[in-house]
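Pasting a structure below so you can have a look.
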Amino acid sequence: MPISLGELATRFGCELIGDPDAVVSKVSSLQNAGPESLSFLSSSSFKQQLPATRAAAVILRPEDAVDSPVASLLSDDPYAMYARMAAIVCPLPTVEPGIHPSAIIADSARVAPSAQLEPGVVVGERTQIGENVYVGPGTVIGPDCIIGDDCCFIANVTLVQQVEIGARGRFHPGVVIGADGFGNAMTPDGWIKVPQVGGVRIGRDVEIGANTTIDCGAIDDTVIEDGVRIDNLCMIAHNVHIGEHTAMAAITGISGSTTIGKRCMFSGASGTVGHITVCDDVIVAAKSFLTKDVTQPGTYAASFPAQPVRTWAKQLARFRRLGRLIERVKKLEK
Amino acid sequence: MPISLGELATRFGCELIGDPDAVVSKVSSLQNAGPESLSFLSSSSFKQQLPATRAAAVILRPEDAVDSPVASLLSDDPYAMYARMAAIVCPLPTVEPGIHPSAIIADSARVAPSAQLEPGVVVGERTQIGENVYVGPGTVIGPDCIIGDDCCFIANVTLVQQVEIGARGRFHPGVVIGADGFGNAMTPDGWIKVPQVGGVRIGRDVEIGANTTIDCGAIDDTVIEDGVRIDNLCMIAHNVHIGEHTAMAAITGISGSTTIGKRCMFSGASGTVGHITVCDDVIVAAKSFLTKDVTQPGTYAASFPAQPVRTWAKQLARFRRLGRLIERVKKLEK
Amino acid sequence: MPISLGELATRFGCELIGDPDAVVSKVSSLQNAGPESLSFLSSSSFKQQLPATRAAAVILRPEDAVDSPVASLLSDDPYAMYARMAAIVCPLPTVEPGIHPSAIIADSARVAPSAQLEPGVVVGERTQIGENVYVGPGTVIGPDCIIGDDCCFIANVTLVQQVEIGARGRFHPGVVIGADGFGNAMTPDGWIKVPQVGGVRIGRDVEIGANTTIDCGAIDDTVIEDGVRIDNLCMIAHNVHIGEHTAMAAITGISGSTTIGKRCMFSGASGTVGHITVCDDVIVAAKSFLTKDVTQPGTYAASFPAQPVRTWAKQLARFRRLGRLIERVKKLEK
């Protein structure tokens, strides 16, 4: 949506250096920007691209404005400011109320008139869908779900049953919420299934990435609090509880009954074992996993960066001979 | 389904301490139980919740009964007993025979009259679907599949082709079975695809978690034996063979042509390389992976629990200087 | 498709030892081959199966022909030759032009008359679908996509929007391309979403495995070059660039804005951090991940093979006491 720099500056309380009547109609990287582009500079690693940018305007820190060859919108947090302004310049598509004739809605379901249900959508018994909800093609929402206003299910999402979601949730394709937890009891005749009868409760402003799975609780519910952000291909097991504004990058796995605090950050391919409690403000490094309760905020890690394979092979051999090295030191000490 | 404690005790050969006419109609955790709840105590970590429970009855070990404030159902394995009783109290929904008008069934497919096919289901040529099978919305079952009686496909499952499944299988949303294995031959012009012409054979009583993928065999079939349980987001590559009652937790990957024995257990984010053989009764710890044949039952591990990042950074530095340390010891020895 | 050995030999310029009129109509492993089977021997680990094979013909290296009890097709690269011949013997199903009545095509979309669209397919506004494209059941192709000739989407694939794909791409079930990248800016009020407005550009001859996700770019596009092969359950984050003929095995994750060179190979459960550049011809070992720019071709690793748990526990204890060991050596040195 075209908007003038003056209007953007006023709306978000930014100082503008440049022509307030200049208009931007798209966002671009510094490098690929053109005369209708809004761009931003938040990381010093892109600073060398600033002098050559052809953007209409750049959002940047006050101290970087001197190097800007174009209009500047000043902000102490250019990335967050860009996020806000980009949402104006490139708004999400608006919801067009209506139910596609190929969608199948159970008799006892209630769908708000302002919701949009796309081709092939299936809605189960007793499910309620709020105002302005977008349910993309192929999405299956099972029975006994409650979907808050302004939620968006892009396409081919599956909510199995008993899933409750707050307002403004955003769910990418392939997401599965409310499938059975992995509950099995060993017997002399092999595994028997432990019925998984809990639901899933998800707060407001939650976004879940493509092909991520959030299992239902075994008895009580699995809980995701407000503002949580989960990337693609993550696994949230039964009865996990994730605190507000915690974020998890792709291929992270949280095992059953673990409780994660608020504002935690899990890097890619990280995770935790089950049945532990992690306090607020914990950061877990890539490929690392927590194996016991964490009571102190901070960063936790345990991974080895890849090295040339010959270097690594030597290191591995040394590691395996540690016992012998210790013996040799003992001998020397005697 | 409401059922009296007396009937439960008789049906499963349990001793009951309490009123046999008392009725339970749901299952609950000890903490959240009410007067119609059946609960259980299997792990000592929940023992402190027992005295305050308001359940109608608790399944527990005989030695714990003294601390139960309510009726007790005695079992040496309360978790397995709970699994059995919960299946009675909270039965799975019954299959309602019929094919939704929006389902598309190939002419040469055969669907048992007792099966239920939900909206948007697609069934390919020559595929056979057994008695009481539930095929949830959006599920695609390709050509030349054979689906055993009482199987259940929750929703949005895909069987590509040539998949044979025994009775009572349970497949969660997003499961993909029979997609091409990862077979590529390098040539001077780049990769060329190796046709993947095998099928997948799955035994009875198998459960596969959401978004897990099981590839078809390259030439011979990929095989999953009876009673196997696989959690979400796992990868079973082409020509893998998994023995009876083996279980795998989420994000586990088994590479091509590997044979896994019976009753193995893979913890979360574990796996194996390809072309190895793993004997029966092997347990693999979380985040660990097997790199060669395993011939001895037991537990195998190789992972590092996350530590505070400064501790870890020091450890990593020490690890990298191991070669120098060895040199220093050698010098001392001289 | 039945074909004579003579025709195969001529077509691919192979020397044939045996009857040129003998016909093969299927492919088999050496062990399970019958009189209509074409088989191959590429790895020495299967050599002991050669003398007993009942195949009609075996593709093998000239030096192995002496041990073949049946007709031999000679090739210096039997695996690549098998790949080519198997594609003739077991051709992919041909595309049957037409749009199933249950498919929903947006008014402004253009679908080539030779394309086949299966039940439940949805095609968005302005999307173009090329000649001989197969779009399997339940596949959703969102707006503004361009699909090259001869592409194949097996079933239940989702392209969100702005995805451009070259000729002959092959996409397995559950693949999600073009979902939002994981872009969030932290503010005092929690995360705010950074709009993800880029697209995805995929070259020719690309194959993507089941349930893999490739996110759209944040601003500029995510790019996958010609001939790339990606296995199941992989994650390609926003603005990643993957060079020609690079291959990635399952559960590999490439973090945002990382550039990968040509002909790289990522083993299972490997990956990289974000914002790094990896040169051509890099191999990453299983479970290993790159944490900085790689400028030298070669193999990189950092993983520990699983060991019996007691051995591992001792190793872990020794590792943790490394600091103390170093102190002891220091003391000895004084």
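Chains: A, B and C, in written order; residue numbering restarts at 1 for each.
The criterion applied here is as follows: a residue touches a chain if its C-beta (ideal position, glycine included) is under 8 Å from a C-beta of that chain, and two chains touch if they have at least 3 such contacts.
Since we're looking at a predicted model, the values are computed, not measured.
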**Prompt:** Rounded to the nearest 5 degrees, what is the angle of the rotation that puts chain B onto chain C, matching CA atoms?
**Reply:** 120
**Complete:** Across the interface between the identical copies chain A and chain B, with over half of residue numbers shared counting as same and under half as different, the residues used are different
**Message:** For chain A versus chain B, what separation do you get between their C-alpha means, in angstrom?
**Reply:** 25
**Request:** Please list all residues of chain A that touch 2 or more other chains.
**Result:** 102, 120, 138, 156, 174, 211, 233, 251, 269, 303-304, 319, 322, 325, 329, 332
**Request:** Please give the residue numbers of chain A that touch chain C in the complex, ascending.
**Result:** 26-29, 31-32, 45, 77, 79-80, 82-84, 86-87, 90, 92, 100, 102, 118-120, 136-138, 154-156, 170, 172-174, 205, 207, 209-211, 226-227, 229, 231-233, 244-245, 247, 249-251, 268-269, 286-287, 303-309, 312-313, 316, 319-320, 322-323, 325-326, 329, 332-333
**Message:** Could you list, by residue number, the parts of chain B that touch chain C in their complex?
**Reply:** 102, 104, 120, 122, 138, 140, 142, 156, 158, 160, 174, 176, 179-180, 182-187, 190-195, 197, 211, 213, 215, 219-220, 233, 235, 237, 251, 253, 255, 269-271, 273, 275, 284-285, 288-292, 296, 298-304, 314-315, 318-319, 322, 325, 328-329, 332
